[in-house]
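Given below, in the form of structure tokens, are the structures.
Below, chain A partners chain B and then partners chain C, in two separate complexes.
Entry: the complex of A and B
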């Protein structure tokens, strides 16, 4: 009898968990905003479909003419995240990307859209991949407070830049012209260029020091840019951030 | 009021309605869609009407700000050209036209009769070239061809984001005023319904033809917030090249209402001077040598309200002209003013509703009115110049992609001009029925 009750409880728990995950996938939660996939669908068709495609696979009518190619939502692989490498992004990560746009790509900033609309779009984008139904949300990485920048910190960061082989892609001087640069591809096989850190242009996932720390920690999924979370300690990542900041400051 | 004058006024109203509708250029620019790979619907609620994303893009100087705006990032063969044509069938009807009792006999006397005509037409052809010359330098050139003649609707260059702030942009040239509700983006096309009469209105007997709707020459300073919720423009204009200048300003604030979304409200004002007579040569006026400037102003408020799939544009205007302008009397001949003459004043407004079923289908309804509150000459009947206009229609967009747009349009509109019948002085009504394709590429 008890066995049967346990089985029933398990079934109920599974159903609740499944419904919860499904419901979560059909919604987005960004602060106090709750996005609806139903509303997001109409918005997607109005704003996004010609690049990202009706199936969300990045094969919209305009895709052949765009470089870099539009994101394939069915893979649920996103560059700009606050979650560890390989994990799903937070809803707020997707929301921030929609709001900010992706510099030097066809993706503009959609800040002029209502906040609710952007939240609805996030909810709909999540429906393209079953991962959002199957995997529970992951906690974001922690970004420790930034130590003050100093010549020593920058120097250490420069040494890490060399020792971690950043120059292979980004070039010795961070100009995006390392020996591997010409042969890099993203996970879909499209050529991809390493970022020219000296160009002074905006970074794809945000320009703040904390943002660069986050990118170094999480990596940019779908690209050759790896996560350094296990290879470097937070203080070392900050050193690297300070060094990168000097490259960018020199350009300005 | 004499028959001749009444006829003149009625004729002027009809002429203005036809002229404005037939030469009204409109802005929907697939060249931008081609440049960025975005569909029409990204920038337009229904083209050519802008949504907030499109308005932001326009206010940014036709830039998305994604690092791909400068022409250097485009394929060399990219050519920022768009043209727009509206092949159509339309029927025009005027309820009260002075016609000869016996056709062909001028001596047979005249009666008022209804006159209607119909046929196929092509409207004007708008050609638009716009975009960026470099980062933060934008331009637009907009010639149009209408009835065998051509002209420039707009031609300007704009310096964007001066001092690295979006609050400082300077435009120089011939441009559409930053109108409260853009008449160039009107969804309606018919002769009697395709224009905002308030933007062009001139009171009976007035010689000041300046309005919000003309594209003047001048210098415009403008700015906006990042999401375009707050925006302003201030322009110095020389509508009349006669040492007279006008000033125009518009301020808009948008806000979000829970469950309803974005709402826009704004105020605007147009203050200036216009000449009342001109220097002459051999008795003929010398173009551009106007004298005796007298003042005019137009001011009001507006709102754009969004309720689900409905949106409503509401507009109010108060206008007033100086007594010399209002009576078409040179300012150096004050004795020529009729007894009791005054500066004409009027109020007007419209409400235009759109129901966007989806980006491919929009239903449209408009009601517009103008009411004279003071005539320039007390001899003029108090309601002459009053106007009521309504229009209904729909636009269906079977093609709306990053290359081109095609809409099927059907609409009916009617305008009632108080006291404008040429012989009887009764109210006169004109109506238009239109159906056709509206396409741009």
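Entry: the complex of A and C
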């Protein structure tokens, strides 16, 4: 009798585990929020489908008129991440992009939607690529505390800007007009402009110093912007951030 | 009683799996009856002339090597075709192969990729080397693998691996937009890339019938069926046209 009870318990546990695993892929977790793909689907069809398409492949009805093109969710390649180059984004990365919008593109800020709605959308977007079920979640990169900026740090950053060949795309003065700028394409083959750091406009993945540190460390996947994670030490990346800040300040 | 049955079943499954594994490993290790497939890849017609690439946007590119030329079609005087990947496309079903411990090397020299086409096994390390006095970014653009994009200053080591077969992944450097190369990834070790003489050799193929495919980045693919039996080394010829 006891053995039978044990067996039943075990079966129940397995079923629960299995359900847990399958439904986990249909969920998103952002802080205390748990998003559901089921609810997200209805929201997606109302708000996102016109650009990103019913299949999530970025081929919605409006896509031909947009530059840059809407994201193709089936590839699971995302610009704004806090994970290393090539890795999947965190749920919170997708949530932040939906909330913030992507500056200088057709993607608006969806802050007016409820937090729960945005979390549900993240859960649904993840269902377009099997990678979210196949690959285990990755740890985000570490952002150490920012040392204060100084003329020395800016000077070192300027030297790195040159030795890392940033200027070949972003231009010597950061105007986005380097000699390789005209040749750049994203991974789908569409022309893409390097950011004009002197334009004074907002950056795609957020404007804070920590945000620029993160972009330099992770790279913007799907674009020509590489990751500096294996090439530079955190202090050097902060130097670059401080130098870039001077280019941006000059425009304001 | 029931528990014992379950245990017996588990042990039986375990034994079957390990023995099966051992048998396939033994088959892979047995090369006494295997043979090589050798051959040539040729280009029919007048090969397009290579043109000189203007690398003046980065003066540091000049220090590495001689002038950089386009490598779309590289054909020798006797019609031999370089940079063709020849591989077993069919006939190895049901067999698995471990990646070699030795890494393959892709060098950036004189702001071009050496070799232009590198072939590796899935999960084999690809050692990316920057021998130039300038910074590159190494940006493979796979359709079936993980895309990454890393900056690589001179002398900084970098390793890449690809988990799945893909023929072939284009790789580029966005900083120096003329830099183009290919990384071909296979789930088995039966592949070769033609050099200047256009020759190839697929070593130690066990007896069987195979489809051998030749792939060129600009000229497409061609396939031939071949039967390998012990002690015989079939010779193949592939001819590409513009």
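Please note the rule applied: the second predicted complex is superposed on the first by the 230 of 252 C-alpha atoms of A that agree within 3 Å, B and C clash if a C-alpha of one lies under 4 Å from a C-alpha of the other, contacts with A are read in each partner's own complex, and residues count from 1 in each chain.
Heads up, the rule we're going with is that a residue touches a chain if its C-beta (ideal position, glycine included) is under 8 Å from a C-beta of that chain, and two chains touch if they have at least 3 such contacts.
Please read all numbers here as calculations on a predicted model, not as lab measurements.
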item: Partner chain in contact with A:250 - chain B first, chain C second, else both or neither; value: neither
item: First (chain B), second (chain C), both or neither touched by A:85; value: second
item: Chain B versus chain C as contact partner of A:65, first or second or both or neither; value: first
item: Which superposed partner A:115 touches (first chain B, second chain C, both, neither); value: first
item: Chain B versus chain C as contact partner of A:219, first or second or both or neither; value: second
item: Contact set on chain A toward chain B in their complex; value: 42, 45-47, 49-51, 61-62, 65-66, 101-117, 201-202
item: Touch list for chain C against partner chain A, complex; value: 57-58, 134-139, 141, 146-153, 156, 158, 174-177
item: List of chain A residues in touch with chain C within their complex; value: 77, 85-87, 163-165, 168-169, 178-180, 183-184, 187, 219, 221-231
item: In the complex with chain A, residue positions of chain B that touch it; value: 36-39, 41-42, 52-53, 55-56, 64-68, 226-228, 256, 261-262, 358-359, 401-402
